[in-house]
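Residue numbering begins at 1 within each chain, and the chains themselves are lettered A, B, C and D in the order written.
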Amino acid sequence: MREITYLEAIKEALDEELARDPSVFILGEDVGIYGGAFRVTEGFYEKYGEWRILDTPLSESGFTGAAIGAALVGMRPVVEMQFADFISCAFDQLVNVAAKNHYRWGGATPIVVRAPYGGNIHGGAFHSQCIEGFFFNVAGLKIVAPSTAYDAKGLLKAAIRDNDPVIYCEHKYLYRRIKDSIPEEDYVVPIGKARIALEGNDVSIITYGAMVHTALEAAQALNEKGISCEIIDLRTILPLDKKSIFTTVKKTNKVVVLHEQTKTGGVGAEVSSLITEYCFDYLDGPIIRIAAQDTPVPYSAQMEEAFIPQVKDVLSAVEKLIRY
Amino acid sequence: MREITYLEAIKEALDEELARDPSVFILGEDVGIYGGAFRVTEGFYEKYGEWRILDTPLSESGFTGAAIGAALVGMRPVVEMQFADFISCAFDQLVNVAAKNHYRWGGATPIVVRAPYGGNIHGGAFHSQCIEGFFFNVAGLKIVAPSTAYDAKGLLKAAIRDNDPVIYCEHKYLYRRIKDSIPEEDYVVPIGKARIALEGNDVSIITYGAMVHTALEAAQALNEKGISCEIIDLRTILPLDKKSIFTTVKKTNKVVVLHEQTKTGGVGAEVSSLITEYCFDYLDGPIIRIAAQDTPVPYSAQMEEAFIPQVKDVLSAVEKLIRY
Amino acid sequence: MDAKREDLLQLYYYLKLTRRLEDRVTSLYHQGKILGGAWTSNGTEAVSVGFGYALEKNDIAAPYFRDMGVFLIRGITAKRIMAQYFGKKTGVTGGKEGNVHIGDLNFGVIGFPSHLADNYPVGTGAALAFKIRGEKRIAVACTGDGGTSRGDFHEGMNFAAVRKLPIVFICNNNQYAYSTPLQLQMSIKNIAERALAYGMSSKIVDGNNVIEVYMAAKEAYEIARNGGGPTFIECKTMRMHGHSEHDSAKYVPRELLDEWKKKDPILNMEKYLLENNISQKAELESIDSRVKKEIEEAEAFAEQSPYPEPEDGMKGLYATPIAEE
Amino acid sequence: MDAKREDLLQLYYYLKLTRRLEDRVTSLYHQGKILGGAWTSNGTEAVSVGFGYALEKNDIAAPYFRDMGVFLIRGITAKRIMAQYFGKKTGVTGGKEGNVHIGDLNFGVIGFPSHLADNYPVGTGAALAFKIRGEKRIAVACTGDGGTSRGDFHEGMNFAAVRKLPIVFICNNNQYAYSTPLQLQMSIKNIAERALAYGMSSKIVDGNNVIEVYMAAKEAYEIARNGGGPTFIECKTMRMHGHSEHDSAKYVPRELLDEWKKKDPILNMEKYLLENNISQKAELESIDSRVKKEIEEAEAFAEQSPYPEPEDGMKGLYATPIAEE
């Protein structure tokens, strides 16, 4: 076991998969000589060469399409978006080509698209977006979003070995801020399975990504007040792990859904409506969603803080439910 | 008052706005000499000339971007997507430029994007999609989806006069299948306001687009069994008319949400979760969502029928709620 | 390089097969027997037959929707294609997709996504894979004149050129994108000029001359296969039907059609074979009989095939389904 | 056509203003006073100053992020820009946006969206509006060498060319897209060759010579204004700082920087003005003092300005808010 950061976990997963499987390769802007805008692929170019770590022209649709074509003939490309925000330029290839190939005509498309996403870094509207909403209604894609270094590594390995297109949402804010003890041996975290980040009895907080840490902080404060929260870290957003969601609801009967993505049409809406549809009789109160406000991500620190869900928002939602 | 089809209503709205306001113009593939793939703009080229009815090169991002630029300097462009499915190619311009201009730096962007959408026409995965899910999590856009000829005209006029980017979802299946009596005078249907398509007491069916007609058919059958349905036609999907939604829920206490869009991450999830969050105490049963299955749209008639919600699905959901 | 007699007869066979298949589809469409719409390559068959026939077995095609010749040549049978048009379970995609939305990697054919030029980057990616693995395979991608205005055309071409990938790009320049004539699509005289933006070699060929298309493709494939990088081939031809079979194409000047009719690729080829004593009328007729029979059998097969079950549409979303505990 | 003395001095002033503003931003960034990142146009100022100064009052600019000269020339003050960098309420966008993400239609500047080349179609649309309305205005759009590989570059250029719209496209070819050198971006020698794909005129200019950029832009604007259609202008220059101020740019060969350092656009201009007796040292120094003072005042203004209120971020989503009953 070694302590490594979230970013190092991503790097290790890539490095080990590149070493293990010659069909794995990386492409994107500045991933080669430079080692990536966030230095995730640093040293890979020297180790694996220019044909496995490919600097591309500035053309997200082009290199995502190329990844799709390579995947169709047996490769396992990992595409790096420099920032998740630029995935919008590859939207058509992901949604209409990658997502539909297998269903339409049987073409398995094992690509991974790494999307460094999320706010809290004063990046403004184009360097802070949560992009899962772009793809959440698109059947055929898988979307994962690890919140820990352990999961970051295990989910990335699972994504690379998976035969479907996977959008891997890596939260920039967590890159160097969190660490985990990681086993020496190879492991994967299965796609489609949530985890219990904290066991508890009174209220369930269902969340993912950086907000898991916000939830944990809130839970600790609440614990001191004698309120016991169960935190579900979804890990996979598409498809959702309904079983884990329903299990916690049946246990606590009170639910807060928390995410950094904007509220309207967010993942939280799906989680909430699944619960209402299938666990209605278990609910002892409304399902409260806490999410970013429905605007682009504002730049100034003051506005961004108001935009992104904070611990205090979780506290007041849970307390409201407890009083319910 | 005259009886006109849904398609004619769209055409009339465009024609009248083109005549009324010289800043209105149309651009897209084959909209000029040919009159559009669905003949919506037939005759306009002759009437308004090649600079107000512009045939473009095959380049959705390019001409949507051009519409945005024209809008920023005072025009009111109406973009025609040949099929809604191709809007994926203009995703970046819509989501990152049009939607964010006003918030980011105050640039009002009055564009309308006409998106002929929806299935039931044996068009397969690329000519049948419901595209509202692509944009539903994007703050800054407005999305409307008329279900009647009256609303088709009134909402399109409102969209053209609106100062924000509006995605106008026109359902291809309805084009020539439904008619309405339309007033002679100019009118608009306000964006952001749902309507009650049918008053009733026992169960609310909240829906929009072609599914309004499915709901009406189901309601008639249910009426014969003594079950009274209230049907809410959302008309505007983004932003949702929460007031109308909450009003009907407080009246009937039982809710079915129905749409043609695929289920996971659909508009129905948002509607359902809004209700659970804000009207929990008024609910006498689970909120049942009826939606297309989570796959691309299949081609064969047998599969497509199973894919798209049918009257029988509504009947069984309502009956389940009545028994609840 | 000269084409062998055997190859020439095969080219003739595939031209005929493509024409008769699509002509039959057209009739069936007007009889209401085809599910959805019908798009054909009528008048431009020499393009897909030419570049399709020049492929080696292990090469990969990323076609567009007027490439029926490629599907057939690669080994996707007329039966399966006809069943696809009927929306039958025995169709290429089991009824999940329709008409020309065909793909089957068992025959080296990447599926056609409607979004034009999307297959330019996708084909480029296949070529990239070959390059990474050091395989002597090439990819070919095709789109229409209209498709060359799309961003994906640009991004695919550029990437392939920068990396000198083993791919050949074909453009079926049939003068129109739906109703839109070339001069409303671009202000260049030859689409081949687009290749200049990428420092890519290009070639203009008579798209109604199957031998010319075939030879040009073959040559470009060999260059690509041997590390010489991509070529762009513009095939000048003319769409002789409407955009689809419900389009009467009134916007196309009659004289233009009359003029191009004289240059029909099948008549062209027939004349060539006969005048050069490569074949005789009887032989060509026997090929045609074979083709006719094949199409009749395909139709019968399609007619008799079962429709898919409604539940079939719920299967196959993922290649790796989520494991249930 | 010759530039007037007054114009030359203004060009010099704006070069200096741009350089000093961005240099100060760089220092403040390293002091941790700037919110977020800092990108500058260091070494390439002649591009945005040149094409920005050539605009007429009613023209429209659709810039990219190394176009500080354009913002300043159009009348967006150093004060507002500095406050923007600080994330203050008095910034160009009231704190909603940061640094170079600037737009203000009161000054004919369309906002810069990060997504490179998105402003090529957007600028094209502004030009289309002028054409439709018969106005004698033009648009200018700019992007980097990197941006020319994007689909939106292609689609914007092509549409403008087909419709002969009154727009000029500028490319700031500073040799790198972040760390990616030209040869990994394209296989052409001059980016101007991209224009061939659209039948568009193009010009290559020394991007470190502000007069050359200015004259070329002015000429192209007049052609566009008079119905002659678009021009593409490649400005060859060199990015002298890292991609952003946190990038040490180790990937750029030192010799390359040394070589380009000698061609600094400001020194260039200074030399030109002095050697041709257009100005004297004293005059230039007084311009520089003015610039220094302006920047100092801008910084003080930014420092003293209030931060936005948290609630400000909830406002302004829509231009037409939904009416409440």
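The rule is simple: a contact is a pair of C-beta atoms (placed from the backbone, for glycine too) under 8 Å apart; a residue touches a chain by one contact, two chains touch by 3 or more.
Owing to the predicted nature of the structure, the values given are computational and were not obtained by experimental measurement.
When the interfaces A-D and B-D are ranked by how many C-beta pairs touch across them, B-D comes first. The greatest centre-to-centre gap from subunit A, using C-alpha centroids, is found for C. Mean C-alpha position of subunit A lies 36 Å from that of subunit D. Subunit A and subunit B have Cα centroids lying 30 Å from one another. The mean-CA centres of subunit C and subunit D are about 45 angstrom from one another, to the nearest whole unit.
Rounded to whole angstrom units, the spacing between the C-alpha centres of subunit B and subunit D is 40.
Contacts with at least two other chains are made by residues 56-57, 59, 61-62, 85, 88-89, 92, 96, 100, 103-104, 125-126, 139-140, 239, 294-296 of subunit A. In subunit D, the residues touching two or more other chains are 93, 96-97, 101, 113-115, 149-152, 154-155, 158, 162, 184-186, 317. Looking at the complex, you find that subunit A touches subunit B at residues 85, 88-89, 91-92, 95-96, 99-100, 103-104, 125-126, 133-134, 136-140, 238-240, 257, 261-262, 264-270, 272-273, 275-278, 280, 283, 285-289, 294-296.
Those residues of subunit D that touch subunit A in the shared complex are 35-37, 87-89, 93, 95-98, 101, 113-116, 146-147, 149-152, 177-180, 184-186, 251, 307-314, 317. Looking at the complex, you find that subunit A touches subunit C at residues 22, 25, 51-52, 54, 56-57, 59, 61-75, 77, 92-93, 96-97, 100-110, 139-140, 142, 162-164, 190-192, 239, 243.
Subunit A meets subunit D in the complex at residues 29-30, 33-34, 37, 55-62, 82, 85-86, 88-89, 121-127, 293-296, 298-307. Residues of subunit D that touch subunit B in their complex: 60, 62, 92-93, 96-97, 101-105, 110-111, 113-115, 118, 120-133, 139, 151-152, 154-156, 158-159, 162-163, 316-320, 322-323, 325.
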